[in-house]
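My structure is below; once you've seen it, I'll send some questions.
Read from first to last, the chains carry the letters A, B, C, D and E; within each, the first residue is number 1.
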């Protein structure tokens, strides 16, 4: 597939994620939207990985490893995402314990 | 050996001793030091006078370099030539008499104040001597400002009285206006000629353009109008009568106010090169003489009358200067010093006798009570009115002749001013000494003749007033024209164009005699005591109120400046400049208050800002060339 | 050697002073140390020879800066002023008891250090360091020991000068990168070649800093407030010495480094100065507060000095040099009187004073003398300086000189007003029981008065002292 | 590599000390010893003595600059722990874990100072951030702490998303994650000689890094998080961590951004960031009532100055940012060390501190003067380098002038504290202040002044 | 249109639709489910791109573990019953608009990168290699991961450690209430 389709798709998902962060008040949903953004980046990376692989192939580089690094990057992103989720959910739970709400606007003591 | 620096030195020592030890020394010691130093100066002056008379001017004596700038050098130098030694004689001679007079006049002051008084007086003599003996304009300026200071200090001598303080301040500030002119003239000279030494300036005066000469001379004349109380800066002098009477005699009659005349006489070479300046001097002198003479007609304060008379007489001197009769002007300074000092001192004696009363309408009939004072006063009045062959007659006569030769209109107006002089002097004489006593009985009881320290100077001055003129008796009357000859190395001698001069002198003599007779009777009738009223009306009121000149100055200069200053202080400074500065501060604080509202505490808002900022950054990136060009254009 | 000592002595004694708990001890110590500094400064005036007057040590060599101190005529003169003023200030305020004196005098000495450094530095970065360092202790002094509104007012002063000096820092950096050998040495700065656009731009960066410090209209508004609010001994230091930093810097750094720009803008700057003179003089006339009056009078005088510098001729410059010293002496004298009055009577309002001459004759006489010096009466020191400055200004332009000359008149107006309202007339309620000034005040004033007169009659030593700098500034190629 | 390995090992050690050592007081001492060892190890590596020889496959490149920054960060942390270690113990019950997290953060810093691959940048940022989310929320009962943690976490994750998007696009443009890109063989027609995808990606990455260094307009999290976090950890976050983010950002600027300068004028974009950062940081700080929150804004304002280095990217910038990070970190640590001893965080709380606690006040004043940029303090030299670096580029003069004007404005809020301490009267309440704490503070002030007078001490002696 | 393309479009539409549904679902549980749908779609894309390892990991880690964790937390909090409070309309509008702007910006960037037919940009005619290409296979990735990428791999363990410690610190109940009541923390005003 032409790479621009992938870019467009990833961008669209990314922006949907951004809009989600902007419009939702539930901390968990907001966090999920951020995960959506990460996944958009993942998808883009994989697509680029295959694009560069394709370029290398067309340049007659037989046993090329072009694109491997991007896929590994995606792997690391997943690793980090997992770690982040564990911490993030812990924080959300902590907050819920204290205020019994996950509304990100509920806590609004820090301002100005 | 050049002893010229000793002349000002002794008064200065006197100033220091009487000033610093005024509390420790007794009054008599202060008197001795105060008068003695002047006497010593006088003696030295006399010695030098005869030296100079014999051998001509002494060489310039530079003590040390005063302002050794890169572009010019100004030495602390003294110069005793014919002109300056003549003035020194007046200053130290008359000064000495007035010092002696003061010992009696001021005797009731507390010791410390007595010492203060004499230190001021000595300082004044010192400054005045600096003024006349300086060998360049800067030293002259030192004296010039110095006498202004002393005048200020002495006018405000009784500092508890705020009116006196205002008068003192007014005198100083008016003088300062003139001083500024003087100073600018010096700068002009320095910038064009690179020197302020009299000798060098006059030697190179021809190399100046006529614009420069006119500018310099007019600025110098501005200085002279301040110091010598001419229009437009004369209003301080009548107010200056707030000072003790001997001070008025010394400073505001005999010496300081003639400094302007001295300066013009000194700079005669410059003035001769500038007809415009000469005309201005003549015109100012003439108008001043007339104006002051007119005002003097309706003044009731004995010292005020004398003050306006001084202004008027100074006008005469300037007329002489303006028409180029420098020697004559100087001569009038000399005779004026005698008779005006006499008049003031005599007036002081009257005031002393009247327990401080100065209003002539409250006097009268003093002829009998204080006869010596009366006689000396009478001599003074006759001299100033130009009674034939008194000193005043001779000097005024010369002025008139010079004026006649210059311009007929000037002559007639000057003559009219001379008539005015006689009128107001006679009026004062009548009101003071004739008729019946109009004061309180207490004053009457207290009336007494003054002590000898007052009387002796009066008598000496009376003699000088009567006969001092003979040193310059015109040829027509068989004189030997001494002063003219004596001064001729410094000041061009007055030469009469034609042989008809003698004729004119006779004419004037006759006219004077007749005129005085008429005036005597007319005045006696017009200002008879019975005719006198307290309230003037119509034009008389205008005159009695001094043509409202003070009010006019107040309205067009003082008030506007005062208001402007207030406006600057309250509006421009506080709201304007400081307002801008503080406004910047307030603006920052205001924006701080507004900006912190962006920090709403809501994540979504923050993220919106971030996203919008990303978009903005992208937009900037797309338009980077446009923006960079724009930035380069404005910075 | 002397150059270093001049900095070292006040610095060390300043720090030591912080640890002196005893009030009297701190005072005595500060007086002693300032007298030692004075002795060293006097030695500096009479010494010649590079080893005494020049000091150079490696410092921020990576940045192209060295710790270079140099004493030439102008530096000697100003160091002397700086060294003279502190003993006089301390002795004249000896009776004042400041809370935690140790810190007070420590800060005073440190301020002195900063100002010494400014006058001595022959390296631009070093100069900048000292320029700022003089400010910080002064800030603490004013804010801690000042009057009621001290915090806000002093902060305004601080921020004003701080902005100025930061702008100057930018200018310094610009110049540094233009120097051929990338050095902050004064010589390299003099050799820098700039296009006229750059020169004009950097000129203003520098000038604003100096103009604020001097202060020149319209950058002056911090000054009256600060002088009013600061403790008087600090005011003396500020007005007597610190404002000279601005003038000094203009002569040392601005004119030689930017000769063309200075020439180009001289009309504008002189115009500003003259306007400032008239403006300040007029405002001074309407002041009812002794300290504010002196402050505005100072603005007027400084304006004349600034104008004379930019008139750029030798006599004017000589006048400025002389007047820097004289103004310091005179204004300290005025402040001493102001302080004596305020300390005794608790007011500075003319309306509440009057007739003090009856109660305090010696103070009256000494004030009179200082007042006369303030209006530049001949035979006082200020006359010589103003005479030279006016003659310089006159050479530059008659009309500026004439307009500035009006200030001579106005100076007489406000100064005599002040004298009259404080000392003459009848005593007011407050002054009826006033006492004459104490011995230490009289002594300080008498020393100042003698200086006033001596320099007024015989200014030659001072003129000769600074002559080399004057010649150097106008040399075709600055040294 | 020494620092990365040892700091992570020390982190693990700290984790286990909670099981092995019951006395909470000793954690601090262990941490100090550990930090000391870490510092020595890092200095050894600076002098080319490597304990481990690891083939990083060009993922990490240990430059002298990066290692030197590590030393600064570790030394600052050491000073931080020495001064405020006691306060860490009082934050919560998991004392050893806090120390462990601090060591993990140091590991992240070590990675960030030497990354040579965007993957390592990403990992470094995450290792840096995740412990901080936790430290922010470590005062669990405190709602402000909770809120701060949540905000920090959500926004941090969001910025991670941006960063990943950027990295992905950059990869698309260049086909590599390495910082060194072979630009000789262009693929397809490029935009002004540079891959457009890379530029777009770099923009995203720049935004994300700007977020991390709290450059406006991506700074919004900073005041809230710094305010809400327990004060001891705010001190750590605001200083060492932020400095590390700057070093990482600088490296990015020096490589990828500098190479694409021809197509996109990064200087223009940076000037926008700088100006807005200066405006937001300085202006907003003016109105604050709490010193802690003021310091948060101050950290933004200081970031504005540090951005000068990223703008100019010359030798002055390189040395300058080291000095700046050191000066800024030390001064801010000092101020926070005093702040944690205060019972009232408002400006009024400081009233009269100079009378009751002269040493605290004096050191605080020195730190504040340093932040203001008064000569003879490290802060001045730091600002000097920053300004010099921009002036050297001979462009954007207006930005320099704006910068100094805001530096002057910054005096407004810094001096408010000095005014409160010295010129106002009050009875400030403080926690117990021990003698050793005071000694530490004095030493800190000494270092600040020493660096102000002889910045070479840092730049030459330690560096080489 | 071959199968790949059809699948591509289908998966893309599914991903986008599910993503939007994540946004607009009122119930967080639904959001989670829709997000899982997104992940499935993306996994499908991975498979299309022959990134087998990532596809599996995505399915297991993301869709499986992570999302289950989300679900678990939501259930734990019992949020599904609670309707989310409405964010105000202005904010919603601003969010959508700024998100749209962002999308526009990125799309315009893609257009520039594409260039025109006459002046082709860098990604014109570049395709993602769909059929074949074995770089996504576990063996290939593993080889690289444990050679070149071993350092980041090890380092990511530190990340996990810190996350673990963090989760413990945050999640563990305080054994005893903080004696000083949050010692280092004071109210500012």
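We adopt the following convention: contacts are C-beta pairs under 8 Å (C-beta built on N, C-alpha and C of every residue); 3 or more make two chains touch, one makes a residue touch a chain.
For clarity, every value in this text was computed on a predicted model and none was experimentally measured.
**Student:** What is the minimum number of touch steps required to go from chain B to chain C?
**Tutor:** 1
**Student:** Between chain A and chain D, what is the separation of their C-alpha centroids in Å?
**Tutor:** Chain centroid spacing, chain A to chain D, equals 26 Å.
**Student:** Just the number, please: Cα centre separation of chain A and chain C in whole Å.
**Tutor:** 65
**Student:** Find the geometric centre of each of chain C and chain E from their Cα atoms only, then give the gap between the two centres in Å, rounded to an integer.
**Tutor:** Roughly 68 Å separates the two chain centres.
**Student:** Starting from the mean Cα coordinates of chain C and chain D, work out the distance between those two points in Å.
**Tutor:** 43
**Student:** Please output the residue numbers of chain D that touch at least 2 other chains, ranges allowed.
**Tutor:** 119, 123, 126, 130, 133-134, 137, 140-141, 144, 149, 151, 154, 158, 162, 172, 187, 223-224, 227, 287, 397, 409, 412
**Student:** If a residue has to touch 2 or more other chains to count, which residues of chain C qualify?
**Tutor:** In chain C, no residue touches at least two other chains, as defined above.
**Student:** In chain A, what residues contact two or more other chains?
**Tutor:** 3, 7, 14, 17-18, 21-23, 25, 30-31, 42, 48-49, 51, 55, 66, 69, 72, 76, 80, 83-84, 87, 91-92, 94, 104-105, 108-112
**Student:** Touching pairs of chains, all of them, please.
**Tutor:** A-B, A-D, A-E, B-C, B-D, B-E, C-D, D-E
**Student:** Over in the complex, which chain C residues touch chain B? Could you list them?
**Tutor:** 156, 160, 218, 220-222, 279, 282-283, 285-287, 313-315, 318-319, 355, 357-358, 361, 372, 377-379, 383-384, 387-388, 390-391, 394-395, 398, 401-402, 405-406, 408-409, 412-413, 416-417, 420, 423-426, 457-460, 463-464, 467, 470-471
**Student:** Would you mind writing out the residues of chain A in touch with chain B in their complex?
**Tutor:** Touching chain B: residues 18, 21-23, 25, 30, 104-105, 108-112 of chain A.
**Student:** How about chain A: which of its residues touch chain D in the complex?
**Tutor:** Answer in residue numbers: 3, 7, 10, 14, 17, 21, 27, 30-31, 34, 37-38, 40-42, 44-45, 48-49, 51-52, 55, 66, 69-70, 72-73, 76-77, 80, 83-84, 87-88, 91-92, 94-95, 98-99, 104, 107-112.
**Student:** So in the complex, which bits of chain B are touching chain D?
**Tutor:** Of all residues in chain B, those touching chain D are 588-589, 591-593, 595-596, 598-599, 601, 603, 605-607, 609-610, 613-614, 616-618, 620-621, 624, 627-628, 631, 635.
**Student:** Give the list of chain E residues in touch with chain D in this complex.
**Tutor:** Those in contact with chain D are residues 106, 109, 112-113, 115, 119-124, 126, 147-152, 155-156, 158-159, 161-163, 165-166, 168-170, 172, 174-178, 180-189.
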